[in-house]
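For reference, the structure I am asking about is given below.
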Amino acid sequence: MDYLALYVTLKLALVTTVVLMVMAAPIAYLLAYARFPGKSLLEALVYLPMALPPTVIGFYLIIVMSPKGLIGRGWEWLTGGSLLFTFLGITIASIIYSIPFAVSPMKAAFSKIDRRLLENAYVLGLSKRATFLRVIIPNSLSGIAAAAVLVFLHSMGAFGVLLMVGGSIPGETKVASIAIYEAVETMNYQAAGMIALSFIPISYAFLLLINKLNEDSRP
Amino acid sequence: MDYLALYVTLKLALVTTVVLMVMAAPIAYLLAYARFPGKSLLEALVYLPMALPPTVIGFYLIIVMSPKGLIGRGWEWLTGGSLLFTFLGITIASIIYSIPFAVSPMKAAFSKIDRRLLENAYVLGLSKRATFLRVIIPNSLSGIAAAAVLVFLHSMGAFGVLLMVGGSIPGETKVASIAIYEAVETMNYQAAGMIALSFIPISYAFLLLINKLNEDSRP
Amino acid sequence: EKISVAVAANFISAFKEIAADFEAQSGVKVEATFSSTGNFYNQIKNGAPYDMFLSADEQRPDLLQKEGWTEGTFIYARGQAILWSANPDFCKAATWQDALKNNQIKKIAIANPVTAPYGAAAKAALQKAGLWDALQSKVVNAQDIAQSFQYATTFAVDAGFCALSATTSPQGKSGCFYSVPEAPAIVQAACVAKNAKNKKGAELLAAFLSSKYAVKIKAKYGYR
Amino acid sequence: MTIAASLKKRLKYFDVDVSFSCASKSMMVMIGPSGGGKTTIIRMLAGLEVPDEGRVIFGDEVWFDSTRRIHVTPQKRRLGYVFQDYNLFPHLNLLDNAAFAAVDKKEVDGLFDLFKISHLRKRKPHMVSGGERQRCAMCQALARHPRLLLLDEPFSALDVITRRGLREELKSLKGSLSCPIIYVTHDINEALFLADEILPVVEGKNDDGWMQRTITREPGEGTTAKGAREPRLSLVY
Amino acid sequence: MTIAASLKKRLKYFDVDVSFSCASKSMMVMIGPSGGGKTTIIRMLAGLEVPDEGRVIFGDEVWFDSTRRIHVTPQKRRLGYVFQDYNLFPHLNLLDNAAFAAVDKKEVDGLFDLFKISHLRKRKPHMVSGGERQRCAMCQALARHPRLLLLDEPFSALDVITRRGLREELKSLKGSLSCPIIYVTHDINEALFLADEILPVVEGKNDDGWMQRTITREPGEGTTAKGAREPRLSLVY
């Protein structure tokens, strides 16, 4: 079995989840509470990566991340390195690809917070930002847990986009789902099944962890 | 532009969303409230379709849905028809593929309901089922909206699984994402971009609809 | 010392063996990436750092040559479409055309002719036999040739147009097949990047692909 | 119908241990210090909390018996319960809240008139005042035609006049409802006015001396502020 | 510091229209019928609701002025506000709730002793009784060292003795806090005991006769239950 690919997968899923939890929270907050023109357009934009087939996202990502593309060029200028075919590159791809799964459950949870708690926080002198961190977040943990589970599992299974943006360089960008793909393509169904099976304990362990964290914080 | 494929996509996304909203609610309820041995295992199972790459899911779905497979045989015995390569078949595939997106935000919303509301419902004589329908559901609409958005958009973009189970038959199982894929593969990038662009107004319209429904029911 | 090679997915099995032999003989490490030809073409156009590209068709390498990515292309394999079925009874008819005319046959898989060279070859064969229009309602499009084979092995279809290489796998041996000489050979071309990081290594591999060792492995997987 | 209960439950700082009964058309008032266990007792009667030991008998039905392991769910007890924090359903307007489990939805209008909240029927709970919410909760409980009425400080957010009116209303309802009523209040006048029986609950136990001590204790006694004196008013309310 | 306000706000069934002022170290008590607008007035002082017209001046700061379009956010007003339904944060225990915006977290222990909830410091709000929650909300507000204290029926869920004690506590705190206190209650004795000034609010307006009418009105008057009479007790509470 391809342990290296499993390791890359796990690393990718964890990094994606952590980064997205931090990134998506403010977006979800804006969508839940702010009022500004073009808000639904922003929301549609945030959700778009999900509606498009992975091949299309991969296609556009390659274009912007290539050394000639906007982001790729900027990155090369900054660091001298390339984004495509690196772990960083697939991480960015995986983050963009999973944004909607992080934003949507968080937005739902944030918008359900009892207004009276927010009013009490304001009266107690908390800025909107402090209220967000000290009241909204701790009272939305079940929604955040849902987001984390979706993002983590989705980045485990992500494959089309990653293959396109990452190539499949062992130890760097070759994730388990690509290994499965190669096994299926070579009609090696047993190997494919083996790797797929190994996903069960991983997702199970992650679920248990998240549920545990979520329950510990129940009021 | 391939309007037929767009039409099939839209139909598929709508049917999937409606069916999954009804199907996922009881599962999410169980996961949020019931206590039984093996609950986290059930949860992991529900989430598994997401962690696996589409090729794997497609592969196993073909096996069970083929005329020799368990479900395919049962279906043929019942109706004389085949499941694979039909609209019904891709609908089933799309439903299985999207279950986690429906269950997860709903579970988060259900588990956030104020216990005191449930107690009041019980005291007022409502069975658990009636409480679910009359108290939990109406107070979880933001979570249900999040689920609907995720499921709808995800089934629009679903592609790997559908391609495998559906066989890309025009008007029946050829969805827009397959048309995009074909366009990309044949280097017809403009056509691919056109169809992809047409996803924006569709997802936008759906989002507006869901947000509207959700807001109308705000307390 | 390593080279990175983009390999069309239908050539995975053969390539893995060839690469192993090559590594042993030359000491150059081969890092292979497998995906669809269209995807590779797009990646390369956007600056993907592959030293060498093994396509599933001739068209993409030619285009790359026109665009100046490579200085020359060469043919490394010729594939052949076959008609494969998991049901041994299927092959009792005299010819593949007769087998397909049987009313018992409900579904036939071919790779998507629009995107996959094997699909285009199968379509050409069906057209030549005058069956294309008649069988329209029975034809199911697979994403690529491997998937067409998957349909056939899982009984999702009664028969599928596959690559000859499929018959060498354990599943392939459990069924039966017709060769389809009416299908034009699938000519797979390759090219070495002009600005390859390890051009010498890549040219070594290019030469190795027509060596007697490679030819033997290719034959084993049904390529000429 | 008579409700008879003997309840024991271990809490962190004291144990609840009380026995009482209350016949239909009569009212038992629970009174006592904050945190003394009144709400806990009511919740055990409602079946929302399970006593460690004891029995709850309603007429000839056994609602709870720890030795026989009987526990009838709240649903089957057919109660009217006004919670201390009046849990109205936030997604329904006041009318739908009151009609939520009404036997006859038409009666709700009458109740709303009685409780003077008819003009607010279309408002959601968070759009009305605290006292208005409380009155709606009362309508919700009464519209159910309960077999037992549990009222946990149902008028605490009402002004004196409204409260006085509703208190009298309740007293006259007592006969027509023909069910036992358990009533929690902190208002001694109210207790004396309404009660057929008073159950002072102190640290989970019946303490018959509590009322007397409370009425006669000088203000400031047992508190830190010594010199302060309240005006002694003779109020009828 | 003195808070001076003149507030107008259109509600569905009446308009709020009051003016008042309250100096530091003194207490203004609002009293009046349920739904009369007391909470609405307090919320306008807190900046949670915007008056249609009027001004709110605190010392030499302008908190609100409709003509000059000034509206200072609640955050900047540095208030202590005990909400009518005591909104404690459900994810924090009582201690953390009280210390949430405390100037000096060490003071909270002293407040908890004063309010007799020290033993409950580690409990979450839903694990304590209604009166205990209310006392914690009081600690939360005081720990902030507010410049203005807004108390919306802060003792409504407390028994007579606890209430009497805390009321005296509050009276003596009045001097040391040195901030204006606005206090809402339905308890006339409490109002008379605590108030430096009483503002009876009826249908959104100051109605000075309300207290007198309430005290002297015979029970049953203006209500449907005619014959009923309450016991006339002379209680010091």
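Each chain carries a letter (A, B, C, D and E) given by its place in the written order, and its residues are counted from 1.
Definition applied: a contact is a pair of C-beta atoms (placed from the backbone, for glycine too) under 8 Å apart; a residue touches a chain by one contact, two chains touch by 3 or more.
These numbers come from a predicted model, not from an experiment.
Visitor: Identify the chains in contact with subunit B as well as subunit C, in label order.
Guide: Touching subunit B as well as subunit C, we find A.
Visitor: How many degrees of rotation bring the Cα atoms of subunit D onto the matching Cα atoms of subunit E, given to the nearest 5?
Guide: 180
Visitor: If I average the CA coordinates per chain, which chain comes out farthest from subunit B?
Guide: So the chain farthest away from subunit B turns out to be E.
Visitor: Which of the two pairs, A-C or B-D, is linked by more C-beta contacts?
Guide: It is A-C, judged by the count of C-beta pairs in contact.
Visitor: Which chain maximises the distance between its CA centroid and that of subunit D?
Guide: Result for max centroid distance from subunit D is chain C.
Visitor: Between subunit A and subunit E, tell me the centre distance in angstrom, where each centre is the average of that chain's C-alpha atoms.
Guide: Their C-alpha centroids are separated by 47 Å.
Visitor: Averaged over CA atoms, how far is the centre of subunit C from the centre of subunit D? Could you give it in whole Å?
Guide: 80
Visitor: Please tell me the distance, in whole Å, between the geometric centres of subunit D and subunit E computed from their C-alpha atoms.
Guide: A distance of 25 Å separates the two centres.
Visitor: In subunit D, what residues contact two or more other chains?
Guide: In subunit D, residues 85, 126 touch at least two other chains, as defined above.
Visitor: At least two other chains touched by the same residue of subunit B: list those residues.
Guide: 59, 181, 184
Visitor: Of all residues in subunit C, which are in touch with two or more distinct other chains?
Guide: Residues 39, 42, 150.
Visitor: Pairs of chains that touch, anyone?
Guide: Per the contact definition above, the touching pairs are A-B, A-C, A-E, B-C, B-D, D-E.
Visitor: Okay, in this complex, where on subunit E does subunit D touch?
Guide: These residues of subunit E touch subunit D: 13, 31-36, 39, 84-85, 114, 119, 128-132, 135, 153, 156-165, 168-169, 171-172, 186, 188-189, 192-193, 214-215, 217-220, 222-225, 228, 230-237.
Visitor: What residues of subunit C sit close enough to touch subunit B in their complex?
Guide: 36-39, 41-42, 106-107, 109, 112, 114-115, 140-143, 147, 150-151, 154-156
Visitor: Considering only the defined contacts, which subunit D positions touch subunit B in the complex?
Guide: Interface residues on subunit D, with respect to subunit B: 46, 48, 73-75, 77-79, 81, 83, 85, 87-92, 100-101, 124-126, 140, 144.
Visitor: Which positions of subunit A touch subunit E when the two form their complex?
Guide: 114, 116-117, 119-127, 134-135, 138-139, 217, 219
Visitor: Which residues of subunit A touch subunit C in their complex?
Guide: Residues in contact with subunit C: 55, 58-59, 62-63, 66-69, 72, 82, 84-85, 163-164, 167-170, 181-182, 184-189.
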